[in-house]
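Two complexes come next, and they have one chain in common, chain A, joined by chain B in the first and chain C in the second.
Then we have the complex of A and B:
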């Protein structure tokens, strides 16, 4: 009988040890990582509409920022630079019927600044651009509507 | 063992490729460019008709020496020309065909000598505004003996013909 009591005492000591462990604090941490994607969306198209006086002189420089015209816009990830390129649909020529052939008026694209820095997805960023048309290119142009389409490419 | 390592390397490369692909792209707004070339005409050089009535008794009449008048128009723009004499006013009429009758007026006496004014090209199509595109109107003038045979001697007969270009 005496031997059993000794064993019981040893068990109590074990319990006491377990009680001491419950009083300590644990501070687990969670490592949260997030990656903001570099992207662009919500493109809007622009327009450049203007009148050519073939009897005039000097270089014509219609701009997408002129009254009545609109610049293309895009929304891109805030703070990220993006390469911008502007390409004529018909070799930098305005043509009757936008067919790339009839009575071409040569021009060059101005503006189209690159890189474009995004401002997030509540603020559209404008890409102003314009045309430069030398007098020699328009002075003998046929009467009528001449058109082209410029594609703006933003790479992300 | 070697085979297992190759599989692991391939798996890593595939993962990197997929992540990279998700971030690359382009977006393409467009700009519609519309330029309208105006159809219009403008005066080029002013014409000059010079009559030299060297012999009022000459029965054959005289024709004027001419510096032609020109007009420039947008390519493909058509135009017509009418004329009106200052000293023989009438409604502007085409200067083609038989033309119009003008009057040379002596500056002091006011004596009038009628003459005929014509345009060989009373209508045409513009060729633009660059070099070599001006359209000659092919002006001409003639005066009959009846108009000058009794005219007082003077060097100051004159008239102004207004050409109206309609396009």
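Then we have the complex of A and C:
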């Protein structure tokens, strides 16, 4: 009987030790990672409308920021730089009827600053640009509506 | 040995493909358009003010019409391709707003300042018109258009003119385009 008591006491001691090990806490961690996509959306077109006075002198510099004109806008990922490119539809020439041929007036694009830094998708970023037309290019131009289309491309 | 080479070849291919994947830019493109519209209006301006010799001498015995050229022709600059007309008015004659042609505008008159009742009828001509009907075509702002002005005193007017040295007239030219 005494031997049984000793064995029982030993088992209780062992169980007690096991019970202490089950009380420890575990604190698992889960790593969450996210990548904000670099992208652009919601582009809006712009306009540059102006009158050429052939009797004037000097270089003409109409701007998309002039009263009545509008600059193109776009929304891009906040803080991300994006390459901007501006290209003429007809070799940097304004032509009657926008046909690329009739009475071309040569010009160059100004502004079109690159890179463009995005401001997020609640704020549109403006892309101001303008034209530069030398006097020699317009002083003998014919009467009529001259036009061209400039494409602004954002690469990301 | 052959197996080792095969494995090495596959490894190289995999590396190249992996390199291609990572080298490709995560490209996206957004485009906008700007419509550029320039209006080129018809515009004219005087490039050179015309005048006649002072004085011109009218010979009452000439027996034929006498034509006098200007000392300085009237020239104009207009937008290229602009078709315009020039109208003439005489301060001392009755011509008002008559289209100036190469055949001329009559009803012009020289008047004596000291004896206003003495006048000499004359014709004012614009030989530079493009079509003989008083239409001129602008050549742009680097090319002034000469009007080819002149004055013709008919023989009949000269023969009956009273001798004075103070005849004059002021001719007003008005461009319409």
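Operating definition for what follows: the second predicted complex is superposed on the first by the 137 of 156 C-alpha atoms of A that agree within 3 Å, B and C clash if a C-alpha of one lies under 4 Å from a C-alpha of the other, contacts with A are read in each partner's own complex, and residues count from 1 in each chain.
The criterion applied here is as follows: contacts are C-beta pairs under 8 Å (C-beta built on N, C-alpha and C of every residue); 3 or more make two chains touch, one makes a residue touch a chain.
All figures in this text were calculated on a predicted structure; none of them were measured in a lab.
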- Judging by the criteria at the top, classify the pair chain B and chain C on chain A as clash or fit. clash
- First, second, both or neither for A:153, with chain B first and chain C second: both
- Message: In the overlaid three-chain picture, which partner chain does A:93 touch, first (chain B) or second (chain C), both, or neither?
- Response: neither
- Query: So, does A:45 touch the first partner chain B, the second partner chain C, both, or neither?
  - Reply: both
- Query: Which residues would you name on chain A as touching chain B in one complex and chain C in the other?
  - Reply: 38-41, 43-55, 62, 64, 72-74, 86, 94, 103, 105, 127, 129, 131, 138-156
- Which of the residues in chain A come into contact with chain B in the complex? 37-41, 43-55, 62, 64, 71-74, 86, 94, 103, 105, 127, 129, 131, 133, 136, 138-156
- Item | chain B residues touching chain A - in the complex, by the definition given at the top | 22-40, 42, 72, 74-77, 126-130, 133
- In their shared complex, at which residues does chain C touch chain A? 26-45, 77, 79-82, 139-143
- Note on the structure: Touching chain C in the complex, chain A uses residues 38-41, 43-55, 62, 64, 72-74, 76, 86, 94, 103, 105, 127, 129, 131, 138-156
